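Below are two complexes that have chain A in common, paired first with chain B and then with chain C.
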Partner chain A sequence: MTHLTVDKPPRSRPAPAGRPGPLGRFSASSPSWLFAAPALVVYVAVVLYPAAAGVVYAFTDWSGIGQEMSFVGVANFLTLLDDEQAMGSIGNTLLLTLAIVAVQNGVGLLLALGVHAKLRSRAMLRVVFFSPVVVSPVMVAFLWKYVYNPDPSAGLNGLLGLRVDWLGDPSVALWSIAGMVVWQYAGYSMVIFLAGLEGVPTELHEAAMIDGAGTFQRFRYVTWPLLAPAVTINLMLSTIGGLKLFDQIFAATNGGPGYATETLSTVLYKQAFVFGKFGYSTAIALVLALFVAAVSLVQVYYLRSREVAS
Partner chain B sequence: MTMTDLRNARMSRAQFFRMMGGLAAAAAATTACSTRPQTTASTGDGQAVTELKFVGVADQKAPMDGLLTAYQQAQPSVRLTASYAPTDQVQTSLRTQLGAGNAPDLHVVYPGSGSAMSMSQIAEAGLLADLSAQAWAATIPTGFKPAFQLDGKTYMYSAGSSVIGAVYNKKVFEQAGVQEPPATWSEFLALCGKLKKAGVTPIALGAQTPWVTQLITYALVPSTVYAKDPTFDDKQLAGQASFAESGWRQAMEMYLELQKRGFFNDNPNGTTFEQQTSMVATGKAAMAIQVSAVLPDFRKAASAPDDLSMFPVPGADDAASVWIPAGVVVGLGVSAKSRNVEQAKAFVDFLGRQENINAWAKAIAAIPLTQDAGSTVDPAVQSFLPFTKDRAVPFMDQRWPNAEVQPVHFAVVQELLAGKATVDEALKKMDEAYRK
Partner chain C sequence: MRRTYLLEIVMVAVAVAFLFPVYTLIALSLKDPAQISQTPLALPAPPTLDNFAKAWSAAALGPSLVNSTVITGVSLVALVALGSFAAYFLARAQSRLGYGLYILFLLGIVLPFQLGMIPLYELVNDLGLLGTHAGMILFYTGIQLPFTVFLYTGFIRALPRDYASAAQIDGASHLTAFTRVVFPLLRPITGTVLILNAVFVWNDFFTPLLYLGGSGFETVPVSVFAFVGQYVSDHGLVFAGLVLGALPIVLVFLVLQRYVIKGFSSGLKG
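For the complex of A and B:
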């Protein structure tokens, strides 16, 4: 058997000066953003660009369907200032966020401290407390509709011997929503606090113990300061989550009864899909986005300043 | 080649790349298929098949399933894929599809002008095909034209009309010693009192489901508003009449009187449509004020469907001035942007044949749009027929000028039931929404 072999021509490209690193042309001196570039391209294409392009609608009167659309300047933003319903929903949004941030993180911290202890069942408990996080928010809302059944013999009422119309009484409904959100996401806060707790060096605790510090003192003066980064992240994530909350409200009460659980998210949804005012809805969305960004920035700035290194 | 062979086989680099290339090509081919749905495939015998997509409201599933099968048999060259969603969701998902420019070929359309998916709103945006040329369109009764037509052109198909009244459980009425349905408002209140004394909830109300909140007002307003002034809608559109200064006030007060006297179940704001249905079907409650189109839901939930019937809610103390709400049932439109407009229109034309109108109307207890010897009217709505000629008015929202009044009505009724608003405040909010 004969082979026809052709000699490969020598490479015309000169060899690189230094020894190439394990990543070939990428080396430690390459700018770091280059490594994120592929992901960044995808992110820009499917998230940032559409979001930015959508901003244009905030300055139009587009109905959401059809071709007709005209530029209306800042009219949508002026309408927002006069819109009683949207303004009223800001109060609800803030109250709901406050309740969720306070309770979710409080419960999350307690759960974390609990499952951090050297309990035999702690691995299982961690899974149990975390599991609601992975359930779809709409499923959680439907599930809690049963828990919140107003019948005195059913659900939570039956268990506690109460006669509360959890989702139907306007003075209770907002807190009922907060309750189901806390139930779902306390496990998420717990996981972040747990990560923080794992990072607290045991030597510090031992030293404090030798100095005669009790359990509470060790928490207050050793654990708590070192937990600051976890607190920052948790507070920020739960604030953003609270301000944007939509799925659970939509599925459980649809903003009702009356306007009792209407938040900025449900208002902007209704403006777009029920009233057919897509332009106005985008304007509300833009205001909400800027508001969330502002709150988070202030929060991060303030909370970062009190973090200490372990 | 067995699995072991495959695992042990040596593969050259070239073979490997060829194989991966093949996979990539196959993947590209499948993606191409899924992103660009083929609108024409072929049947076994080589005939071209047109695929039509249909999105309907859940209440239409019963009549549509039968008619779709019948159409496929008659027209093997058309394949219809149907999907259904409940009222609240279908409006959102369809609007999104319409906005994104990928509307299904056929889809649900609400009569008149008062909702985001209503005939006039979508037709105005140029998204509905003109159906005026079809034979059935020429037979639309004059009173119904505003529900079907915009500027004289027909954009929606509907099989007929439904009525709002009291769905009641005959067994429960018998056990409470009630002989026959009431003819006046006082008789209605007396009936509720009697039922309450007998230990059953007189009226089940599932006001947590937003659209249910409106039905009691809708049942009363024909008697308190339109019986006195049949031109109320025109005056309101001209700015000469308002909710606050009309019989709407009386209707709202009557609504609240029912609650004050304890004729509703506890916590209506925490009760859903499904719970309401089951309360009447199982005899826990005597009746529910509902639209006849959901009568099949009540029958499905009951162990003896024949126990359920309906009667008009008398909104006045003089039996002669009792009027009823009779509205065109949720309809169907053809997307103007469909690539198969003609085939989709042909299906609507098929639905418009008298025998198919009859079949549709029968399945949802509606009164057929046009009638022949084969038309049947559900026995449950027989008692409404004497009213349909000159003492019936379309559902109020069908002539409201925008999509905002209806949701405001839902919300203020919930507030009234919760005691968080007065009738004055409620009607003021509705008037404000009307003027937007």
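For the complex of A and C:
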């Protein structure tokens, strides 16, 4: 089973009784906590302390300049509730994340099943589908900005004979962003599913075939349950990535047209660096953090409950 | 067997469609402005390398490549060292402290960096590290430690304890047992850790824009971003810049791709 899942505390796990290693039941003392100390210092300084300070700033009216700030209680959160643009960005964030999670993992799974088969071109296909993952999201966004240009003779329109203004039409733009993110990261999901597929014992498939199971039945009853850990990690990574998405939107549309592709991360960026409302900006960041935490917790508990030991 | 051929044809067709944006990128980078406006989809005829020569100097890619290489290289060394040591304790500790610290590290995967963005900017500024390589290295080491610790801890948990125990019966300390016996066994997951962190650090855009903008120590994505902004309407030139900017990491990937995908699989399987 995959190890990219949250393990239960060691205390609640029974010792692997009855299987002593070559050294019998000898077990050395645990390593000292000092092994973790240097990592902990850097982690606290760079991640935990600033995040904690951010939580404090979320309750102030700090402008980002000088030391002057006062505590304003939940005023920033009340402002957020009244801020139509910011509230709309919450809807956009959730829709965008949902679209990315569903399509990226669906496509990733199909690609993985395809390149898992014994094809002559499988090695090359894997490289092709994974390559966009290694390119900077900002550069991918600039490329797609051209691919999505409204000219009927160029880019995607020219290829498909369409006349869509992919990034300029407010009813299409959010899905266009989702499309370029899926193009970039479908290969990432594919590789994780592939790792899961390679862990499915071939004997199980052979046994199911002898029992007369068809291709679909073998997938449904043999492969799919054993893929559960890969599904968990894929859903978690794509959800967290979707909720936090920034670079692609910043480079491709910067939230536009109008507010059609504005998400929590672009709104909080503008509040801080365009309007100088650092207190309000961190309050929006805190809301984003709570979204990510809530969704991750639900996924961990729900998805782990359906994982089977492989 | 016929079904395998059919699947192969379908998959190759999907791959060709998937490569359309890449074709656009390369074709436009080889065209002059007249070709781009008249025959945007056609093959470049004749291809020209003018865009590349111009983009290389206009985007100041030479210095950015050095900056990106230094920042990525040192961050990777720090991440492997700090991450593997911490994970050895977290995976082997029998105490509540070990589990508590593990959860504390996992929290970092979930927290959006935006929450600490502004306080961290102040901290980096107060330490005098704004606009320096050291500031960026500290940032990447901290921000990528949770994912690194997560990968290493899972992998070490699946390793038998016996190797380290045997070394300790022979009188080795925990430190020696780890560096001499356990760390070499971590090679597959270290490969995964290196690749995933290299891709993240090399390609990160927003933080170096914020911390390095205007310092003369800009990384590749920041230089390309500024370059694209400047020549926005000249697509041939812009795309030549994108090709040059993406080339180093793509070349590293193409050379190492067998290990990338294998390391990925073994990293996930443990």
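In the analysis below, the second predicted complex is superposed on the first by the 274 of 310 C-alpha atoms of A that agree within 3 Å, B and C clash if a C-alpha of one lies under 4 Å from a C-alpha of the other, contacts with A are read in each partner's own complex, and residues count from 1 in each chain.
Everything that follows uses one rule, which is that contacts are C-beta pairs under 8 Å (C-beta built on N, C-alpha and C of every residue); 3 or more make two chains touch, one makes a residue touch a chain.
This structure is a prediction, so every number in the text was calculated from the model and none was measured.
Asker: Classify the contacts of A:Ser131 with the two partner chains as first (chain B alone), second (chain C alone), both, or neither.
Answerer: second
Asker: Taking the superposition as given, does A:Pro150 touch the first partner, chain B, the second, chain C, both, or neither?
Answerer: It touches chain B, and chain C stays clear.
Asker: For chain A, which side has the bigger count of touched residues, chain B or chain C?
Answerer: If we count touched residues of chain A for both partners, the winner is C.
Asker: For A:Pro257, decide between first (touching chain B), second (touching chain C), both and neither.
Answerer: first
Asker: Based on the superposed arrangement, let me know which partner A:Phe278 touches: chain B (first), chain C (second), both, or neither?
Answerer: In the superposition, A:Phe278 touches chain B and chain C alike.
Asker: Between chain B and chain C, whom does A:Val47 touch in the aligned arrangement: first, second, both, or neither?
Answerer: In the superposition, A:Val47 contacts chain C only.
Asker: Figure out whether A:Tyr185 sits in contact with chain B (first) or chain C (second), or with both, or with neither.
Answerer: Neither partner.
Asker: Of the partners chain B and chain C, which touch A:Gln67 in the superposed model: first, second, both, neither?
Answerer: first
Asker: Quick check on the superposed pair: does A:Asp169 touch chain B, chain C, both, or neither? Answer first, second, both or neither.
Answerer: Once the two structures are laid over each other on A, A:Asp169 reaches chain B alone.
Asker: Enumerate the residues of chain A that count as touching chain B in its complex and touching chain C in the other.
Answerer: Shared contact residues on chain A (touching chain B in one complex, chain C in the other): 64, 278.
Asker: List the residues on chain A that touch chain C in their complex, please.
Answerer: Result: residues 1-7, 9-11, 21-23, 26-36, 38-40, 42-43, 45-55, 57, 64, 111, 114-115, 117-121, 124-131, 133-139, 142-144, 146-147, 151, 153-156, 158-159, 183, 191-192, 194-196, 198-199, 230, 233, 240, 243-244, 246-247, 250-251, 265, 268-269, 272, 278, 281-282, 285-286, 288-289, 292-293, 296 of chain A touch chain C.
Asker: Using the touch rule from the top, collect the residues of chain B that touch chain A in their complex.
Answerer: Within the complex, chain B touches chain A at residues 88, 91-92, 95-96, 98-99, 116, 121-122, 124-127, 207-208, 210, 266-272, 402-404, 407, 410-412, 414-415, 417-418, 420-421.
Asker: Which positions of chain C touch chain A when the two form their complex?
Answerer: Of all residues in chain C, those touching chain A are 4, 7-8, 10-12, 14-15, 18-22, 24-25, 28, 40-41, 78, 82-83, 85-86, 88-90, 92-99, 101-102, 104-120, 123, 138-139, 141-143, 145-146, 149-151, 153-155, 157-158, 160-162, 164-166, 168-169, 174, 177-178, 199, 202-206, 220-221, 224-225, 228, 235, 238-239, 242, 245-246, 249-250, 252-254, 257, 260-261, 264-270.
Asker: Which bits of chain A are touching chain B when the two form their complex?
Answerer: Within the complex, chain A contacts chain B at residues 63-68, 145, 148-150, 165-170, 253-260, 270, 273-276, 278.
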